[in-house]
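Chain nomenclature is as follows: A, B, C and D, assigned in order of appearance, with residue numbering initiated at 1 for each chain independently.
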Amino acid sequence: MKSLFAKMAMATSLGLGMISVQLPAHADTKVGLILPYTGTYAALGNAITDGFNMAIEEAGRTDEFSIVTEDTEAKPPVGLAKARKLVLQDKVDVMVGVVSSGVLGAMRDFVHQSQTPLIVANAGNNLATGENCSPYIVRVSFSNGQINRPMGTWMAENGIKTVYTLAPDYSAGHQMIESFSAAFTAAGGEIAGSDFTPFGQTKDFGPYLTNAQSSGADAIFVFYAGGGAINFVKQYGSFDIKTPLYGSGFLTSPLYVAAEGDAAIGVRASLHYIPTLDTPENKAFVDAFMAKHGTMPSEYSVQGYDAGLALMAAVDAGGADKKNIAAALPNVSYVGPRGALEIDPATNNIVQNIYVYDTVMGDDGLTQKLIDTIPSVRDDVAGCQM
Amino acid sequence: MFYQTRLRTITLILALGFLAVYASFGSYFAREIVIEITILAILAISLDFCAGFGGMVSLCHGAIMGISAYAFSIMSVKLGLPSVPSAMIGLMAAVVFSGLVGWVTARTSGIFFIMATLAFGQMAYTFFFKSRWLGGDDGMGGIDRFNLSWLGVDMNDALVFALFGVAVLLLVYVIAAILLRSGFGRILSGIHSNENRMQAVGINTANHKAMAMAASGLMAGIAGILAAQHTLYISPELLIWTVSGEVLLVVILGGIGTLIGPVVGAIMLVMLKHELSNYTDYWHMVVGMVLIFAVLAGGRGIFGQIEYWLITRHSPKTPHLPPAKEKDLA
Amino acid sequence: MLEVKHLSKDFGGITVIRDLSFTVNAGERRVILGPNGAGKTTLFHLLTGVEKASSGSISFAGKNISKMNAVERARVGIARSYQKNNLFEHLTIRENLMLAAAAATGKSRWFFRDVINQADMKTRIEETAEQVALTDQLDLMVSAVSYGNRRQLEVGLALATKPALLLMDEPTSGVGPAMIDTFHQLLETLPRDITILIIEHDMDLAFSIADRITVLNFGEKVFEGTPEDTRGNPTVRQIYLGGGDGTYGATNDHA
Amino acid sequence: MDASFWLLQFLNAMQYSMLLFLLSIGLTVIFGLMHFVNLAHASLYMLGAYFGISVSALTGQFWLAFILSPIIVTLIGAILYYTLIDRMRAAGPMNQVLVTFGLIFVILDLVRLGWGDIALGLDAPDALAHTVSFWGISYPAYRLFIIALGLTIMISMWVVLARTQIGAMIRASVENADMAASLGIHVGRLFFVVFCFGCALAGLAGVAAAPIFSATTTMGITILIPTLIVVVIGGLGSLEGAIAGSLIIGFLETFGAVLLPSLSAVLTYILLAVILVLRPQGLIPARG
């Protein structure tokens, strides 16, 4: 249905464009939203789209941006085909989106060669703003390392000596755990044990949980997202595991925490956004989001929202066409719901605060309680040459 | 038993002609769709070869395609070999893998064969998924298109590449048709019809089926090389069983055991999918309904049904129709 | 031509063939007789290699073939027709014969050339069709022809491989008197360079074509001799002809 | 690794085996009786979970959901039987695959339309939302309940099939449907009853699994392959096969996960391949 509306919106804006031939009007920026709307990641694609549209609508600049949406289905070849379509056929000025790192990997060379700016609104693969960085790829979401390194240091500094880690056995899982473990051991901690669960197949974490508990570690640190996160947290709760649970913040994301129920209480995690941040920007954003959608925003909707803010900032700084947007994006900085944000021109990855938070029971259900803020986390320039 | 009837030739010309015209006069995305169709159609022909004519309903054709694509990319990207020898090695890898699977599973039939091939396919998928040298689930890029500039052809041009895909599809159809018309292909049909009797007249059916799987693997391998050339990037997604499942759908939807039916099926499914996804995120449901109605309408597949109507109108006691096959799964 | 020595076959403790020895000369027509359950079809399974013997040996054309599997035995020239139709049901009669002929001539390894319209294959298919009186039905699907025609094709499939030894398992099973005459003629006209071993319940047919007759009972050979000797043999009369249990001429299954 | 480790993992394996059993038994009996490969069986499992969550959310009663959800799924199964399945019985396996694959797509999108893309959870009933301590371990009560449920159904099905008249009818029809019909068994009605029973078990498995696993739109497709593997390893159509298959897979995956983690993703497939190469009809085939 989404793309039907998008089409209608596009038709309307095209109509306006035609009228505007006679009028001195804004330059029209064509945006390609390239996100999964079906399959495993459909919920994320929709959340990011909602956030992005909200940013544009709030700014009252819907006439200025015409939006084409394409469904990547979380399949790399499909993602690449849709990217080619957006650039070569629809001739978009900028692309926004990409949830899975596999899709980003597939698109990377094409985006680079076609010199089309891409604002990454989720995919966290370290390499995309590391070894495989490109002047045309700017990430406003996070990198896998960025979220977990601070948590490694923070846990070691807060008296946790040994940790047992768990994550799904795929690239993102390995990156998350590796960056956590590196920071944790560098700060004096010790990894007591580590399991990678078969990706997409594992539903029953019982065997791993019992293993982790019997290792005698001080804490369990995990990365799970989506349905996997719900299963993991609920099963952690049902086994009544005494070892405290820590994780990448996706584990208790607002999107899923309701389904996790009481088991999520006391889980401590790190993330680049939580909806309970006490800043005017965030309060305004949360209120607006609640008014529109009736639910709390998640980190995914913020990523979409910030992609919209970054895009508008780049258009204001440079111009509305491909080349100017690409040139302006790496120098964008603004204050959003997440706090003060800037793009690091050395990697094109975002520089942002990382928040350590507990999930607690609030007045209207589970909510996030901020424990600590690690300000302005910046990725190293790990092999990135623009 | 396979016959290249006039109806099939006409359909082939119409289908390939449609693809060529659609690519030439369509938009940029039309060319992407044409390539997507040709890859799926080649894979579907490959599957129809062993499933429709040999009774081997494989659920590892995606894996065979992926192995070829990976072997090709390893050779050309990681080891720096020129593209033609790399492609040859890719095809050989596909032939060896599918031949081995065919040989090992020769004693199984029906759903047991399906599940056994699923197992081998998923093992291959897991291997590439976990192989960090090859990028794991992030896949690997850096593949170059074939350089045909000495022919005055620029393969990086979308139209040229789409037409190249159509030409490869024609080539694969011809290979499959020749193999099916040969002594080898006739015997394969005989094994499908009555394996036990074929042994009684002196055919080592296990070896013959393994060879048929290898030949089918060659065609699937061609699809793999084309897929790698198309996206210039490969990932384990190519090998996952749902890819094989989709190919099987295409074969049945188009008409199993007709060879041209799978081409029709591939065109139908890809066009349907792309048209629908423009309008709704719930296009799976429409595809599902189309599948159900396709079966309720006769169950011979789209081309199979048309062929049936045309032939039964001329001669009711018709010799060469694929009958409802009761033994394929049971 | 065919030499069977001390052949035995057990199925889980039940002995189906017991210490069976006999010799068939080249060109001979040998009829195997015996009541139901005598082990006749099992004997054919053992000769064609579908079943492995528990003990004993089988020599064919001077070679010991005991260790060969079914496919290898077919390749050395042993062909067989089945008591229950075992045809390529969804193909035409021409295609059926072509498959047998192509298999026997090693054309399964022709990857590029078709065999169906090739001159010597065509000749062979048509010759075989004539031998089994199916020339008029060549282009009909098996499923579209009569039961009798299928019995003829059953023999045709074996003949199309140009065997040196032909094993026929009740070719007239379930057919009417007219069709039995057809088979009679067929057997008479088959060239003498084919050695034939035939299980037959129709006594008139059996006695008129047989050079020698071997009688089995409970897996053992109880008699062997010319048709005349067989008719006069009291043992045979007792267990077979005179048994009065209705097995004479019976056509039902003893597979 | 002490005794309590083995006991815990044994219970984990049993719990997973019992879920697999509930799913595969319906699939295998439907196949054995009707020679029908119902790929949409796993979609009914998904529906069981979603309906369970909805009923529970509306009424606040887990046990009501536990009873109602399988009934709703059975009704849906009955509708499917009369609109599609019955018609497809003689249509050949290829067409059955195609139709039930189409059904998977349709049901998947209907679930997306009805419940959205976001994963949903269901809380275990209060009475079972604690852990039980025994022999030096503590184990979630709800998981013990699932083990008990699975064992109960397993044993009662065994008794029904082996000892009762309807069991004898089912076994006779699996052996030879024509013969059964000639003995006066109303085969069509028997098929319908068995089909509905299979659907009810799939729905039950769905709602029983929901408190342990979240309900997602992909849960049907994800469980389809392990279920088919169980059925095929055991031998199509055989009750003993489904029992053996679900225990083998449940134990292999559980112990593989903790003892051979690097191989655990492929262990099942390796086992499947080995079994089919050595025993091409599965371990305990229903016939012959």
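Keep this in mind: a residue touches a chain if its C-beta (ideal position, glycine included) is under 8 Å from a C-beta of that chain, and two chains touch if they have at least 3 such contacts.
Computed from a predicted model, the values in this text were never measured in an experiment.
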| item | value |
| --- | --- |
| Chains in simultaneous contact with chain A and chain D | B |
| Central chain (by mean CA position) | B |
| Leading chain pair when contacts are tallied as C-beta pairs | B-D |
| Most widely separated chain from chain B, with each centre as the mean of CA atoms | C |
| Between chain C and chain A, distance of the C-alpha-averaged centres to the nearest whole Å | 75 |
| Centroid distance [mean C-alpha coordinates] between chain C and chain B, Å | 42 |
| Gap in Å, rounded to a whole number, between the CA centres of chain D and chain B | 32 |
| Whole-Å gap separating chain C and chain D, where each centre is the average of the chain's CA atoms | 49 |
| Sites on chain D at which at least two other chains make contact | 112, 265 |
| Multi-partner residues of chain A (at least 2 other chains) | 42, 169, 199 |
| Shared-contact residues (touching 2 or more other chains) in chain B | 129-130, 282, 284 |
| Graph class of chain-chain contacts, one of line, ring, star, complete, other | other |
| Touching chain combinations (by label order) | A-B, A-D, B-C, B-D |
| Residues of chain B touching chain C in the complex | 1, 178-179, 181-184, 186-187, 189-190, 193-194, 196-205, 208, 317, 319-320, 322-323 |
| Complex interface listing, chain A residues touching chain D | 39-40, 42-43, 46, 169, 195-204, 206-208, 210-211, 214, 226-227, 230-231, 234-235, 238-240, 255-256, 258-262 |
| Chain B-facing residues of chain D, complex | 35, 37, 84, 87-88, 91-99, 101-106, 108-110, 112-113, 221, 225, 228-229, 232, 236, 265-266, 269-270, 272-273, 276-277, 280-282 |
| For the chain B and chain D complex, residues of the former touching the latter | 57, 104-105, 107-112, 115-116, 118-120, 122-123, 126, 129-130, 241-242, 245, 248-249, 252-253, 256, 282, 284-285, 287-292, 294-296, 299, 324-326, 328-330 |
| Chain B residues within the chain A interface of the complex | 27-29, 32, 36, 129-130, 132, 135-139, 141-142, 158, 227, 230-233, 235, 237-238, 277-284 |
